[in-house]
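Please find one structure pasted underneath; my questions will follow.
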């Protein structure tokens, strides 16, 4: 056969891995096979594909990868990653749920957390799994749906108010190149409230880790979810992070995406507003330096009338790093009286840095209020001068201004200890 | 204070309220609960004077006056306040200017002079504290760019400023996280006096943990089908609205 | 105060639609070189002025009308327009008593005082007015007071006679006759307008104002305004316009040029209320205007503020060329269209100098069956380092038969430039009005509150007297469009 003559491409390796791991996959195998077929049809995206035009995925996937790396980490090795006060911590190492590192003993009433593979017989899982992240829209969604072998399942029962934040700690840890497909399903039932934090860290990691993570989140009527992602991997970390949010009427979702480090980070944050009187807030902050590549894609899909969405993404770009913001607001014909706002602001600190910003408004309803704004500039020379005239050094004046620029996003984070943690990270970064 | 007798109302020819009877006395807090589509929001809209709704039968007497004959602004001037479920944004009109206009219109209706600027500012500051509203929000345009929670808080702030006799809170809890809910409820409780009354409309029982009602009514299919003490709300939450459906044999 | 004015005005229709019964002297209809010679002769112009006109006319003949704007209208018949119309009066006026009483009545109806001691509407500050009716300037007030400071404020025709060196130096330096179709036409046939020169180091002590009025039937109005602010000087200039209600469309094609020298500042405000046509779109003024200023030298500033409620069709882009380093250009606009009005308006900010800054705030309000477009260009040329622009374009729709369009063009040739653009479109609806009512505010007050709130950032830029007039106009223009 012709395929046999082909050289050993990444696609071939992924297919081989799929065939080998088939017996161990959780959930419905026919779905897995369909997803693999969809992936093979789409292939690994290259620069010609509009959605990935600013990144070179092929180059990142050169060389050999292991698909499952077991790392028995010690509690003290990961203690820094458990930074949230009063949180329920769930630790996943290379996608695998580590019970002894996590707080899995008892949960508040109405909360259920488990390893995603264990949940696959659960009714809630069966009702929602893979119903929102469409395998035919993105090759990495297809690939994850085919290969996912780790991740968490979180279920908040109707009317439950979970006051302690839940912290999902994703740790990359490897001595040889590792490819992780991790998958979370979060279901928040009617009138429930929950705060979720997902962080991505490298611990004892000396080899390249390529993580393809997907979180599907279902937010039922009247539910309120506060969700923050913090991406903080080391220079060996390559991360594609897809979040698919599905909201029903009168629900409120706030999603904060904070990208601090990692060689490559691609965020796909897609929100479907499928009910009336929904509120969605998307906040993003990316601080890039050296050769980092950070690419944020957001899609806000207004499907029903009378909803509000509000999006603010800010970035500071240093050195030879590159950042992309591609934000799409889609207002369907039925979504009258939509209120949608989008703003992307960037500070470019070097001549070699790159920023690509592409706001897209696609509006098919006629009675809507939509706006977008974008700006890219340097630090305001007048302000720097003013501060220097008050005795600050140029460096500290710049630091102060960058901090002020970032704080608009950080201030939107409601959990105090989380906000403090991020502020500290930012301060360190600008030292 | 408020007396509703056999109120029927319809929209677009479809009857939503099918004979509501309700008596609210000064100093009382009434909760109205009901499933989606039971007519809760229609009741508040009819009381506030939304023109799309047609009252086909019955009467509403508010402090001895026929409420149904009044345009919405006169109802407001007589002391009815509706805290909207979905407060509207008015770009370019600052909260302060909006409230000053409203307050002085209400005063003019009562034959009073416009409020002195310094008295107005003093009241503004005092009431802001009550709902822990950021001073910055007061200077921004009415509800523009506010989150859902801020809008709800702003409604209670307006209520505090206008000092109505009867406040109708239409699903003020929806879209509020638990912290904001506590603040809003706290504000409402502080405004309670022997001279005013409120009607709290809600789908869920949670709000009633914080605003304790004197009476709970269950609205179902355009009628009040059950009235009881505050415990009725808990029972409803536990058993769900289906139990009402069974009980009334619908 | 604004609210009372609104309440008082809200029920009025176009109130400047009267015709003044004044005898006027007209040129025959149509356009040819003889007509241009006729105009030039009537105005007793020197040869160089006639030559300029003829050059412009011959160039105009080679042009076609522009079509790119988002407006549709019957092409004006340029041979069916009277290009020269002058209210007849007895030679030079010695005192106010000699002015035709009909003319005085006109001013009264417009609320403009010809007598220097009177005030526009009881407001304190003083305004010097140049009154242009149809083709010529009729009367300029406060001339002597201004002359004491060395300020020249007179009709354009007078300036050609008295200050030819200034006119030769500046006329056409910002808007050359070859600039566009209507600028060429204007350069050929302009009849009058205002000229203003502020000498070095002088801050003009009062607002200067020109009041334009089209009175005669069948005439076109082609005036020119030229404002020069010399080094370290400042002037605030106001322009108002009205016209009678007529079933025919009348053409107004003006040119305004502004030059700001080093540290000079010009603030130019317009309240444009030409007759917009009736409820069915019949009649009204075609308002095709070229307005441009140049910040010629360092640290100069030009600011355009306009409230546009009139005209059947408007085509107008007050622009600033930011040539001097650190110069500043501003554009604040409220454009209201109702019934069948069409407006395609906006600005151009051309950044050439270093550290130049521009601000654009545009507020469009569309009601009825009207169409309202914002068209703006921000260009940061190579070498214009650290240039900055902020643009905000908001559209407010009233009802669902009208249209609002935004066409921003942004060209950045210099990497250090910062351009920010924000745009919103919103709708006034029953919901907002009901919300106001349920707080005790009635319908009329609510509309006034909402519209004035929406336009606040622009109205705040107008001088006091104009802001009051503008608020009245907004209410009148939008009467009956909601609720």
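Just so it is clear, A, B and C label the chains in written order, and each chain counts residues from 1 on its own.
One rule holds in what follows: a residue touches a chain if its C-beta (ideal position, glycine included) is under 8 Å from a C-beta of that chain, and two chains touch if they have at least 3 such contacts.
Since the model is a prediction, treat every value here as computed from it, not as a measurement.
Summarising the inter-chain contacts, the pair of chains with the most C-beta pairs in contact is B-C. When you average the Cα atoms of each chain and compare centres, the chain farthest from chain C turns out to be A. Between the CA-based centres of chain B and chain C the separation comes to 49 Å, rounded to the whole angstrom. Averaging C-alpha coordinates per chain places the centre of chain A 52 Å away from that of chain C. Here the CA centre of chain A is 40 Å from the CA centre of chain B.
For chain C, residues touching at least two other chains, in rising order: 424, 426.
Shared interface positions of chain B, defined as residues touching 2 or more other chains, are 89. Each of the following residues of chain A touches two or more other chains: 369. Those residues of chain B whose C-beta lies close enough to touch chain A in the complex are 86, 89, 145, 147-149, 174-178, 203-204, 206, 237. Put simply, chain A touches chain C in their complex at residues 366-378, 381. Chain contact summary for the complex, chain C toward chain A: residues 386, 388, 400, 416, 418-427, 429. Of all residues in chain B, only 48-51, 71-73, 75-77, 81-82, 84, 87-94, 97-98, 101-103, 105-106, 109, 141, 158, 162 touch chain C in the complex they form. Put simply, chain C touches chain B in their complex at residues 3, 394, 396, 424, 426, 431-432, 434-442, 445, 449-450, 452-456.
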